[in-house]
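Below you'll find the structure, written out as C-alpha cells, and then a few comments.
Labels for the chains are A, B, C and D, by order of writing; each one numbers its residues from 1.
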Amino acid sequence: MSDEKKIVTGLGKPELHRVLIRGHDLTKDLVGKITFSDMTYLMLVGRFPSDGERRMTDALLTILVEHGMVSSVVSARLCYSTAPEAMQAAVASSILGAGSVHLGSSEWSAKMLVKAFPTGSSERDIDAAASAVVKKYAEKKKRIPGIGHRTHPEGDPRAVRLFEIARETGVYGRYCDFIQRICKAAEAQYGRQLPANVTGAIGAIALDMGLPWQLTKAFALIGRTLGAVAHIGEEIRNPMADNINSAIKAQLVYDFDSK
Amino acid sequence: MSDEKKIVTGLGKPELHRVLIRGHDLTKDLVGKITFSDMTYLMLVGRFPSDGERRMTDALLTILVEHGMVSSVVSARLCYSTAPEAMQAAVASSILGAGSVHLGSSEWSAKMLVKAFPTGSSERDIDAAASAVVKKYAEKKKRIPGIGHRTHPEGDPRAVRLFEIARETGVYGRYCDFIQRICKAAEAQYGRQLPANVTGAIGAIALDMGLPWQLTKAFALIGRTLGAVAHIGEEIRNPMADNINSAIKAQLVYDFDSK
Amino acid sequence: MSDEKKIVTGLGKPELHRVLIRGHDLTKDLVGKITFSDMTYLMLVGRFPSDGERRMTDALLTILVEHGMVSSVVSARLCYSTAPEAMQAAVASSILGAGSVHLGSSEWSAKMLVKAFPTGSSERDIDAAASAVVKKYAEKKKRIPGIGHRTHPEGDPRAVRLFEIARETGVYGRYCDFIQRICKAAEAQYGRQLPANVTGAIGAIALDMGLPWQLTKAFALIGRTLGAVAHIGEEIRNPMADNINSAIKAQLVYDFDSK
Amino acid sequence: MSDEKKIVTGLGKPELHRVLIRGHDLTKDLVGKITFSDMTYLMLVGRFPSDGERRMTDALLTILVEHGMVSSVVSARLCYSTAPEAMQAAVASSILGAGSVHLGSSEWSAKMLVKAFPTGSSERDIDAAASAVVKKYAEKKKRIPGIGHRTHPEGDPRAVRLFEIARETGVYGRYCDFIQRICKAAEAQYGRQLPANVTGAIGAIALDMGLPWQLTKAFALIGRTLGAVAHIGEEIRNPMADNINSAIKAQLVYDFDSK
C-alpha cells in the first residue's frame, strides 16, 4: 500500500516492555510523577503545562463534574438500573447529552468566538465584532451560546470563578476578553444582565489555551464522566431509579388525540 | 407523594448563587484550590485524599489514557469522521467498548477478588482462596480476569508501576496482595509467567482504596475519555479515518456462501 | 498479509453499480419487493422466511416498540433536549438501557434456556431440567430471567400473544415448550402465578427460529429504536423534557450526610 | 403540581391487562395482524399507511440495512469484541456515526429542502430556489447534502430505485421534485453528473410522506440497527475483530514529532 495510505499517529505507541506517550515513557517518566491535568495538557496541547496552566486545567476539569440531579445523570441512573452489567453504557448514555443546549455548549460558544473574531486587533475592531455578533443572533432570534443561564440568571458563579483563575494564571487572553465584550453588547441590546455562563467561560479559556474550538468540550466530557460514575455509585448504595420513574409517572397524562 | 418516594442525593446541589458538592461550595472552596484527582476522590470516596491517595489516584487516572491505535480510539475516529457535529458521540462510541475483555476488565477482576476473598485472614487461608480461584477458572477453561496480556506477555509494565506506587503511598492492601497470590498460583498451574495486567492492578488498588468493585473501571472511563478526545484532536489536524477504512478494505474478502 | 489475516464477510458488498446483500442484488431483487421483516430474516437467519416465519418476525419486531413513558424513552427525550443536533445520540442513549433487567432480558433468558436444555429429549428429562433451573435460581435468590413482570403481575398479555402466534405459525418449538415448563415449575415452587413475560417469550421464540441466544434481543433493539424516534418526534411537537426535569426536582431531597 | 407541568404522551399506555399504542390495543389489534412497516408508519405519522405508503416504508427501512464493511459496522464489531456482555452497546456504537457526513445525511438534506423550498409554487419559482441552493453551497465551497456519492459516482442505484418506488406508490411529491431540480442545477454548475444519493432520496421521500426533517434519518437508524446486529452475528460465528486490528496495525506509523 502506498505511503499516503499509512495511518499516522503521534499520540501513543505500545511496545513489548514500555508504552510511549507523545515520545515519553509512560511508566518511567509519567505515571507517579505527573497529575491527571498534566496528562490532559500533554495529550491535548502537546507539551507539559506551566504551573499556571496546570491550575487552570484542574479548574476546567473540576468545574462541571457535578450540578445536582440534571438530565445527564438521570439518564445514567436509569440506564444503569436496567443494564447494570454494562456500567460504561450508563456513562455513555450520560455524556451523549453534551450537545449544543447544555454541557456541550462550550463548543458552540467557542466556534462563534473563533468565527467572529476580527482580523484587526484594535479595541474598536473587537467591540464592533462583539456588537455584530449580538445583532446577528438578535435578528435570528436565537440565544447567544455561552451567555445567560436558567439556574443562575443573576450570574453563573462558576464562570466568574473560572475567569478569576484565568486572570491569576495568565491564561486570560483575547477570547476571554472577546466574550466579555459580547456580554456587554448583549446587555446593552436587551437591557438586562447577560453574563457569560460556565460553558461560555470554558470555551473562551480553552481557546486562549490553544485548543481548537472542536475540542473545548473535552473538559465537560471528562468531568461529567466522573460525575456520572459518582451518581452510579450513589445509585448502587441507595437506588433511586424507581423513584425517578414514579415521579415521572405521577405527572403522566395520556392523550391519544394529540398527534 | 410519600416520603419513601423522595429522590435523595448527597452529591451536588445547584443554588441561585452557588453550587454545593458533597456539602462544599464548588467555586469558593474547590475550583482553583484542588486538583482533578482530589475531586475524583471526593466524588467517589466521599472525602479528600491524603497526599499518598492523591498520588495513587493520579496514577490510576493517567495509566490508561493512551495505548496507541487500539480499537476504542479507532471507533472514536470513525464515528467522528461521519458525525463531526457530535463529538460527544465519538467519545461515547469509544468508551462503550470498556467491557469484560478489554479496558473494563478491572471490574471483572475486582468482582472476582471480592467474591473469592476468604473470611479467614491467615496467609494459609488467602493462599487457599487464591488456588481455588485458579482451579475454578482452569475447570471452566476461562482466562482469569486481570491476569496476562497479549501486547505485554512478559509482564505489563503498567501493572508493575501501579503496584510500586501503591506500596510507596501505603494504598497497597489485602486485595493487591490477593491478586499477587492468584498470579503465583496461576504460574504454578500453567508453568509460565502470568503476572497481573494493568486492569488487574487497577481493580485491586481501587478495592484497597475502598471503592466497590462496580466502580473500579471509573479510572479507565475517565482516562480513555481524554484519550478519545486526543485522538479526535489528531483526526482534526491530520484525518486518518479514510486510511483506516482503506486498510480494512485492502484485506476484505466477500464470501456469500458463509452463513 | 497472509490469508488468515483476511477480513471475511458474507453479508454485503457495495459495487459501482449495485449493492449485493447475501448475494442478492439490493435494488433489483430486494427493495420494493420484500418487507422489512423479510430483510430482518434474511440478514439474521441467512434465507427468506416462509409466510409463517414472516408473520412471526413482524410480531417480534412490533411487540416492544412502545410501552409508555419507560426509562429508555425518558433518556431519549432528555438527551434530545440537550443535544438536538445529534438525534442518533438520543436514540443510542435509549437503546443502551437494553440490558439484563429490562428490554434486553431476552438475551439472558435465552442463554439460560440454551445452557439448561437437557441432552435427553423425553418429557421427563425436560421437566427435570426445568425444575433444576428453578431450584438453582431459588438457591441464589435471584429472579429467573424471562419470567414475571411488575406492570403485568397477572400475566404479560404480550407474551401470551406471541406464544399464540408462534403456535399458529408453526415456529413454536422446544425452547417455547421449555420455558413454559420452567414457569410451571416456578409456580409450584413459589405458589403464585409466574408466567413468562414478553422478553422470555421473545428469547424462546427467537431460539426456535434458529437465532443464537446472543442475538435474541435484536427485536427489542430494532423495535425500541423506532419507539425512541417516535418519542423524539413527540418531543419536537410537544416538548416534555422540562416537565420531566420538574417532576424529578419536585421529589428531590439533598442529604449531604449520606455517603 | 399545576397542569402545565403535566407530562403528556399520545404514543403508548401500559395497563394491567393490555398495552395501548396510539389508542389501539397492542396485542388484540396490532401484533400478528400488521407488519413492522405498518407499526413504523403508525408511530411516526399517526395513522395506518395505504398499500402504497406501506411499500414505500418497507423500501425506506430496507435500503440502508447493509452496505458492506463500512465504518459503522466496524465500530460495532470492535466494540462487541471487547464488551460481548453488552451487545446493545455495540449496536449503539454503530448508530452513533449516523451524522451529517454519512448515514444521517438525510436529515441535513431534508432540512435544506424545507428551508429552501419557495413560498411560490410555479416551476419557475422552484427552479430559482434550486439554483439559489446550488449557488449558496458553491460560495461556501461545501458539498450539497444528499447529492453525489463516493462509492457510486455515476449514480447511486439505491436512490434511483427509491425514486422509482416513490413514483409507483404515489408518494413522490414536491420535495422529491425539488431535489431533482437541485441536482440538475448542480450538474449545470459543475459540469458533471451529480445525481441524488440514497440519503438525499430518503430525506425527500420522508418529507413527502409528511415527516418532519428532524426524523428523516429514522429509516437509517432502524435499518442500520438491524445491519449492526447482523454483523455482530457474523462476528460471533466468524470473529474478524482481530484481523481488523491487524489490518490497521499493518499500516500504522508512529510520528511523535507531529503535533
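By definition in this document, a residue touches a chain if its C-beta (ideal position, glycine included) is under 8 Å from a C-beta of that chain, and two chains touch if they have at least 3 such contacts.
Everything quoted here is computed from the prediction, not taken from an experiment.
Steps from chain B to chain D, minimised over paths through touching chains, total 1. In summary, the pair chain C and chain D forms a contact in which both copies contribute largely the same residue numbers, shared numbers making up over half of all those used. Ranked by separation of Cα centres from chain B, the top chain is D. Per-chain CA centroids place chain A at a distance of 29 Å from chain D. Chain geometry summary: the mean Cα position of chain C and that of chain D are 23 Å apart.
A separation of 36 Å divides the Cα centre of chain A from that of chain C. Under the contact definition stated at the top, the residues of chain D that touch 2 or more other chains are 1, 5-10, 13, 68-69, 83-86, 88-89, 92, 96-99, 104, 234, 238, 243-244, 246-248, 250-252, 254, 258-259.
Chain contact summary for the complex, chain C toward chain D: residues 1, 4-14, 16-19, 21, 26-27, 30-32, 34-37, 39-40, 43-44, 55, 57-59, 61-63, 65-69, 84, 86-89, 91-93, 95-99, 104, 107, 151-152, 154, 157-158, 160-162, 164-165, 168, 211-212, 214-215, 217-218, 221-223, 225-227, 229-234, 236, 238, 240, 243-244, 246-247, 250. Per the touch definition, chain B reaches chain C in the complex via residues 1, 5-10, 13, 20, 22-23, 46, 83, 85-86, 88-89, 92, 96, 248, 251-259. Taken together, the chain D residues at the contact with chain B in this complex read 68-72, 74-75, 78-79, 81-86, 89-90, 92-93, 96-104, 234, 237-238, 241, 243-252, 254, 258-259.
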